[in-house]
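This report concerns only the one structure given below.
Labels run A, B and C following the written order; every chain starts at residue 1.
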């Protein structure tokens, strides 16, 4: 099969783009070094959380944000696409019941007890929204090392969302091993929650310990692929709303989202080649003709009409920096924008500061095609989406999955239009 | 090269994606997971005595390395650490025997009916379990009394298919030679149908079972011998085609990455090594595949085995099977059948292997299909053993479609 | 103001101070040590971890070389648990003068350092990552030594003999009555002043010795801080200490210590011992030097860079301009002879390897001044945990973890630290500073640099109910900020990728930036 489009990268941007193209009738092959970064995140779609003050409504804030951030990936997103992208994802991830909108950020409790603004989140997470305050009981398992609800509750009690909205949080510790294991980890706990006997035990142990009107927060381990049923059952049996808080990677909500998108892509007829890093490419007359992946002993060539670079940013390896301080776009060696000139700071001294390195990436034209330093299109048939794009500080802006989703969607749109 | 494998531990950012995909740690807490025994424990290893026995629960399926977005050679690190441990502790007789399929097969072939009857005898199997540690229920294949090599030698020139434009070498492996010679014949037929002259040089085991059982120096002997048998063809530019995704991966990648073999002979062979579906899909891509398929009205669950995915070539079998009229192929999501070559044969690992494969077995059983497809021999045997559904190589379906058309 | 009485006050909680404390206590004095920060956070905690055979000084400074070898033997006997018996190679690379190696062999023989030539192929077989371009390999009994374990071991030993150490007690003044020093005024962590009255005061503050001596009104010498950077690489590239066989210079040593390899070091004259800057140019030089010893060094993950200052003693009359030319042998200043001040001596200079000897010499001088000469036994008695005289082994944590695989949580996955060890350390140290816990256990010192274990550790610290959420959160943030100092100058390749993931965890997932400390 010679695909119409080769998508390089299997994270949220790559999967979104590949799935939408496949649905649009394209033959798509996803070529990826690994399983992408969805497992690392909490499966929340953070569109814009800080500018730099906390953003309550991304829809209202985006206009001025884009004006004050020239070169930001959001600049290239047509206003008409935003709502469509979110609705598209909502429909693809129906079991997760993605909740929220562009109009108002959810304020979700984190495992450290901070509030985090997200536009869209799986319902099991969104049920913990503290935008209007509320009473929470956070349940932990002493065997789980990745969630400390006492610390989270105490910090939540210190961090009030607004002048009138009050948060009252407390922790409930469930001591002992889980399924006989001293160090089960989130994944094993999630698998345990898919078993009725384990749920019975948890419900029994919580009996009489929840006060009326308290929402019950769990670490995000309430089932792996059957989470909606697990959450609904627990809520019903406990008699109060139940929600999840994402923990350290691996994130179970991220795995759920990853599995849904992958399954949808395969069902739609998309092909995925995993464990295949792009090591070289061939081009002719400003068009990319093929990329080659390393298959151990020889290279395997993947030709197509269009190519999409969705390899992620620095943390995913889409952009690298070597020990001679040279930045490189790793798949096609595309020109990079935002590279700090030699002798200037790559980072600032404050660990949470605004680091110049964050913004390094590929600059694109309005058709998402890579540009060189002079603003010329490098390849006519290559498009770039997600964290590979220049100009964003996703962690500080709280915009990571938002950029991946919206630009992945927009790139598919651009290819389908052409 | 061995330096590169170890050095790849530096790429690990602890993201734990490997552990979320590991089928063995999902099935048993005895295995602490690929990240733990791989890049994490490796920092504490040196020439000192091996201390972490738990790494022996790794089945070597290699999924961790495939999914690692950072490029850590996790499975390879584990494999080498396991071999070092076994070299220090000694390898049990059982592992030495099951790691040499061609040796036992040569002994059994002349008395194939007897050997098969014996291995089908539950009482004898209990004895084998007690004495040897091969689980009484483990899926052992049936020996053929006419190995593939014998059949090929006895094949008259008239059987060969019309004029040949191109030549390929068929690397059939021990599975086809001693247990599934019909698959070999079908592979030759499919290749010939597509205009290839098929050369079947003498060949022995690739050494993969030895390698996966930690017998590295013995494995090297086998793989070197095989590479030198095949090298002249490879040097002449002939593609070497295999129906065994695990044995071809051994030549393509593992002998180099795990055993550290870097001979010119191996390099040239690995460069010319093709999975049969990969080769045919390439023909398809060039518009040269014979697409005159007859109808095969079946719903077939297809499992791409771990070693097939290790090739990094996508799923060429799916591209081919979708050409067959009437055939509905259901790609399986479950990752691993559990057998991992010889892992699931072992008394202490059998239950783990069966637990690893359970999601796959359940999915196949739920489909109610009369037949399933999978590219790797030991996986086929395991799936058939667990589900009772006969499992074929995708080539067999292509062959059926060609025959149906004729 | 609170007042504490002590027979002997030791100023400085590095190896020398801890050694002095142990020595005075073993000789039957009541010893008290004060340190402005945590123990072993000055020069002692900021070196590469080499237990010298003396080979490095064999040509240039034979008496130092001999002293190192003697103390190397002693420490192997008394501090085996702190030492990994790595052995050491002096290798002649393509950049080194080949004639130096003969001088080296002669120097070693004269200093009593066992030296053995091994073939290049044998060395490459043992250390496959070593540059194949080396032309000669000489083996000496170098080893790796864990500074924190050693210093804490000395303090534990001292407390077994009645001594006591007070970290986070900064000397702000020296008490003098006429020409006699009678103790010091210190400031504790809360900022409260404490008066310590002591019969004798030993200034063992290393690079800060001149500052302390000045507080007592004693001068006439300076300590030139020689700032050197070291970079810890993500894993063991070698299992043997590798030295360039040439005159001491930058980037001439690679030390395998615990789970990492440390390359060192540069030598820049600093004006202030607290100047621990990391310059880009120094990092670049270090990486290039690493490449000479181990091809592919630049592709290896750099974990962390730090600077330490050598206390190089200079009497006012010395004229040398380059700090490397100043003697590294230790200096004992008897301020009675020099300045007419009694009850006060200064010990400075020297090397980690010779800290015990420095302590012995200091206490001998004290005895002479006090006319109370007691015999030293520090070379005879093993430190706690070293009684068995078995060397530390790289695999020991992995072996211990294997035993507890199914009954204990692993909190720091990189350094294999279980929950019990962590909680014990937190209780024992009584510190809410995660950085103190780090040094005790190597918490957060592996490849992820705390990315995964520090949230856990903060949660555990808080759950032990000794501190409130605000303090636990502050401790978490302080840890990250402190780590960042040693990270950002060497962030490239895998380390950069890790740092971005860690940043995602703390900002994107936990949003700790928004928490009020």
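What we mean here is this: contacts are C-beta pairs under 8 Å (C-beta built on N, C-alpha and C of every residue); 3 or more make two chains touch, one makes a residue touch a chain.
For clarity, every value in this text was computed on a predicted model and none was experimentally measured.
Viewed as a network of touching protein chains, the structure reduces to a complete graph with every chain in contact with every other. Between the chain pairs B-C and A-C, more C-beta pairs are in contact across A-C. Nearest to the global CA centroid, when each chain is reduced to the mean of its CA atoms, is chain A. Distance between chain A and chain B, defined via averaged C-alpha coordinates, is recorded as 35 Å.
Separating the CA-averaged centres of chain B and chain C is a span of 52 Å. With centres set at the average Cα position, the gap from chain A to chain C is 42 Å. Each of residues 40, 181, 249, 315-317 in chain A touches at least two other chains.
Counting partner chains per residue, chain C has residues 299, 406, 452, 493, 497, 501 touching two or more of them. Each of residues 13-15, 29, 70 in chain B touches at least two other chains. Taken together, the chain A residues at the contact with chain B in this complex read 1-2, 29, 32-37, 39-40, 181, 184-185, 187-188, 191, 249-250, 255, 263, 266, 271-277, 293-298, 300, 315-317.
For chain B in complex with chain C, the touching residues are 2-3, 6-7, 9-15, 29, 32, 35-36, 40-49, 51-54, 70. Listing the residues of chain A that touch chain C in their complex gives 40-42, 46, 110-116, 143, 145-148, 150-151, 154-155, 158-159, 181-183, 246, 248-249, 251, 313-317, 320-325, 346-347, 349-352, 357, 394-396, 398, 400. Those residues of chain C that touch chain A in the shared complex are 287, 298-299, 302, 406-411, 419, 452, 455-456, 458-460, 462-463, 468-470, 472-473, 476, 480-481, 483-485, 488, 491-493, 496-497, 500-501, 503-516.
The part of chain B that touches chain A in the complex is made up of residues 13-17, 19-21, 26, 29, 65-71, 249, 252-253, 256-257, 267, 270-271, 273, 281, 284-285, 309-315, 318-319, 331, 333.
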